[in-house]
Amino acid sequence: MKFWGVRLLSFVLAFGFVYGLDVVTQTAFPNLYRLAVLAGLYVTLAVSLNLINGITGQFSIGHAAFYMIGAYAAGFVSQHMYASQPLGPVLWLVVMMAVGAVFAAIAGIVVGLPSLRLRGDYLAIVTLGFGEIMRIVVQNVDPLGGAYGLNVKPFGEPPKILWLVWLLAVLCIAVCRNLLKTSHGLPFIAVREDEVASAAMGVKTSSVKVTAFVIGSAFAGAAGALLAHSETFISPDTFKMDVSFIILTMVVLGGTGSITGSIMAAVALFAIPEWLRTMQVMIPGSSIVAGILAVGIMVSGFRWVQNNYHESVSKRIGAYLACVVGAAVAAVVLSFVLAFIPQLAQQRLDVAMLRMVIFSMVLIILMLLRPQGVFAHHEFSWDWLSKVLRARKGVTA
Amino acid sequence: MNLVAGLDFSILPQQLANGLLLGAIYALIALGYTMVYGVLRLINFAHGEVFMLGSYAALFTSWALGFTPEALKNGAEKPSSWMVLALMLVVSMVVCGLIGVVIERLAYRPMRNQPRIASLITAIGVSLFLQYAGGLFLPQSPPPAISEQVNPYRKDSDNVRLTLKDAPAALKAQAKLLDAEAGKAEAAYRASEQQDPPGHTTAATEDLRQKYQTLERSAQKVEGEVNGQSVKLNIPFGQLIMLITTIVLMLILRHIVMYTRTGRAMRAVSHDFDSASLMGIDVNNVVTVTFLIGSALAGAGAMMYATFLRTNLTPFLGVTPGVKAFVAAVLGGIGNIPGAALGGILMGVVETLVIWLGFSGYKDAVAFVVLIAVLLFRPGGLLGSSKVEKV
Amino acid sequence: MLEIDNLDVYYGAIQALNGVTLNVQEGEVVSIIGSNGAGKSTLLRTVSGLNRPREGAIRFKGSEIQGTAPDKIVRMGISQSPEGRRIFTNMTVQENLQLGAFTRTDNEIQSDMEKVMDKFPRIRERLKQSAGTLSGGEQQMLAICRALMSRPKLLLLDEPSMGLAPNLVTEIFNIIGELHKDGVTILLVEQNANRALEIADRAYVLETGHIVLEGNGRDLLTNPKVKEAYLGG
């Protein structure tokens, strides 16, 4: 009884969240509508890659390929066939998601099969290579728009599909979560932990690996279909290697194997660069160099505290604070000193570049300070929430 | 049939030579990937960016030696010599070597005992950081290129020409004869034209003109046949230097790895970290030396890539050669030094062959196609061992 | 010569050694016996600096060496032939021996190599061969030779009889006996308790990270507890 109650609650909350998000964003923050769509797509991508990479342990770094295949398959079909069918826009979008998912799943099988033969880094390279091959092929195929890209405007106006995007994300999360928490998921985790041992226990490692690839890539494909329709324009440049890296980073940064971590990291890593994009301040080059150096100092301080300072928690926090203050002082001093170098002080500033500099620094620093990922292997769950709430009550009582 | 018919086999050897030269650069970069992987089992994604910084080091050296765009404006000439090239090579190797060591010390060493995927993400982070921080501070628009005047051997007359296969002597004689006759016919026609009244062409002149044109056409046709049947190579001297430098560097590397104490330590560490340290080998030192050598080789490649291939420099120029060199390293069997050299050269040759076949749009994809094909049939790479690996 | 004092070693949250105290005097052969997972290899790895102890001290000739880098410990004169031999199979036998002498810069390396090979004639025959082509027994001999090449003051041997046929085990233990006669100090870790106790001056019994028994090798051989647990009744 409790089981179904919790499940029902989850469903209701999920639908409520998705619907509410769409309405609130449309009415209150119309400027953020597109960003919210993209964030939802990234959540789907990160969670689906987490299934392949984190849960099943197959080192795939070419997830953008499936995203692209879904986008192009759905975009092409939509552009040519929408006019000659009776479905409404919403049903049509659902059909297109299925089309994207099917094509990407087929690609998933194609990539999953070598994973039966290859392991570790070699598999990573093959997935990376597959992504590049697909991208270059699309670049050279004229019916798909070649290097110029493909317009996807079956409805004329770009559709408002934030709710559909996040519904897909919720579905993806639900599938992965259920896989992880039920006995269906045990073979996947077994393959991650020790392939030889799980094969010896009777796990069909081949079908597990291919299944992971198929499910993961199908979700990425469906996300691609939604991207094509919401952006109304896709080009091979949308799906470069960097996109694969960013998705992979989301998975690892959140904590490999943790769905909660993937979701959080996807939203955060998507938001940081977008937020930085809005900052249009002028900073001299000398201050940037000073800032980078100061962050370096701070991180080495943090690492020193982590490794060598085994005092009480409050003293450790004090030590961390001391690092922050020290770094801030160093930043001020350094920016004064460096301002004497004219080439640096007069450096023009490219905001787009600065954005990625900060992004990459966040990446390196997080990995240095918490290599197991922010959430490590922990998950959010209702049990956990009630435990925390109860503990809180116990403290206050 | 159609495919083959459109191909020009007489330029194939030239294409192969070009591929070899390009492959030499890939091989130099691939060596760095393979050495680092051999020792740390880490795909050093930042290696392509070290290569990029190396080409900028070469550019700045050339500027320091007076080959700045300002100094060479309006067609000003500045004499160069081989010493300029040597200095650029050394500076770029030293700079890259140091950068590689610093990257290892700051970003990779703290990750040594962490899961491999975490170090991989760090490597991606370092790579992005160098690209975009480079974008903030390095000159890039319009992309500067190293001045051609740095290369003292840039003239066409310095090129090395080789005739691999000559046309039959009879055909060549015929071509010469026809050429002479056409010359005579032209002279006759011009003379007749001179005698004609201005603005009017006599029938005799018209006759001569047609005779001359027919001869000229058949002379050209035979000339074309001669060219089609002979096979020639034309290699810029600078690229020849590049190839020789690459070979010398590889031989030095081979000597270091196979026959010196340091090389023996490197091989020991790459085989077994713990066992090597039980021999009294300072593993950290060995890793530092590995990064130093690997990055310096990339620096050498970068200098030659930027100077002799007349590449425009941008902070993102390391990405494509980096990925290809990395593929080359895997192709040869990652961790395997001769494999990297072989893979690099193969990669260069295959790439030019694809262009020759008329699929230049696919030249960046073919690297991966070859790679996947090789890995599926020989999972350890061409020269690597195919032992199963647990990540 | 070697004193280990109250050593605690952890792998993450799991404690592998708990308050281990033992000592080795100059010229002795000391054996440590115990079953799989008792912490024998961990002990040797910690002495060599491959693991860091959380608590306790390791003193070698009076100076504390816990937490020192492994290569520095080798330079001080502690050499180990690790569990599972771990020879460099990608190199020749000769290169393996040269690596054994990595810390040395004197000019007696060649003559030492001759001496070692006099003791192990089979190694001489295989000198130019790739180490990976050696048989298990030969690989074990090579591992011991390699450890000897650094002229150690203290030799750590981790399971030298593992995976070898009985006649080879005899051969290996004969060699250990000879090394003992030559005056090499040896700390030996073994599952083959019988042989290890026979050869030892003194011995310790390690169980789940604790030293549970210690004493003269001969005495332990006849100890009823040891007999029951390690010598097959």
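So that you can tell them apart, the chains are marked A, B and C in the order they are listed, and the count of residues begins at 1 in each.
FYI, contacts are C-beta pairs under 8 Å (C-beta built on N, C-alpha and C of every residue); 3 or more make two chains touch, one makes a residue touch a chain.
Just so we're clear, the structure is a prediction, and the values are computed from it rather than from any experiment.
J.: Treating touching as the only link between chains, describe the layout with one word: line, ring, star, complete or other.
T.: Shape = line; chains linked end to end, path left open.
J.: Report which interface contains more C-beta contacts, comparing B-C against A-B.
T.: A-B
J.: Using the average of all C-alpha atoms in each chain as its centre, how far is it in Å between chain A and chain C?
T.: 50
J.: Could you grab the centroid distance between chain B and chain C? Build each centroid from C-alpha atoms only and quote it in angstrom.
T.: Averaging C-alpha atoms per chain gives centres 52 Å apart.
J.: List the centre-to-centre spacing of chain A and chain B in whole Å, with centres computed as mean CA coordinates.
T.: 36
J.: Which part of chain B faces chain A closely enough to touch in the complex?
T.: 37, 41, 43, 106-107, 110-111, 114-122, 124-129, 131-133, 135-137, 323, 326-327, 330, 334, 361-362, 364-365, 367-369, 371-372, 375-376, 379, 388-391
J.: In the complex of these two chains, what residues of chain B are touching chain C?
T.: 261, 264-265, 267-268, 271-272, 274-283
J.: Taking the touch rule as given, give the residues of chain A at its contact with chain B in the complex, in rising order.
T.: Touching chain B: residues 53, 57, 59, 114, 117-122, 124-126, 128-130, 132-133, 136-137, 139-140, 194-195, 241-242, 245, 248-249, 252-253, 256, 285, 288, 292, 296, 303, 344, 347, 349-350, 353-357, 359-361, 363-364, 367-368, 371-373 of chain A.
J.: For the complex, give me every residue of chain C touching chain B.
T.: Residue positions touching the partner: 45, 48-50, 69-71, 74-75, 79-80, 82, 86-91, 95, 98-100, 102-103, 146-147, 150.
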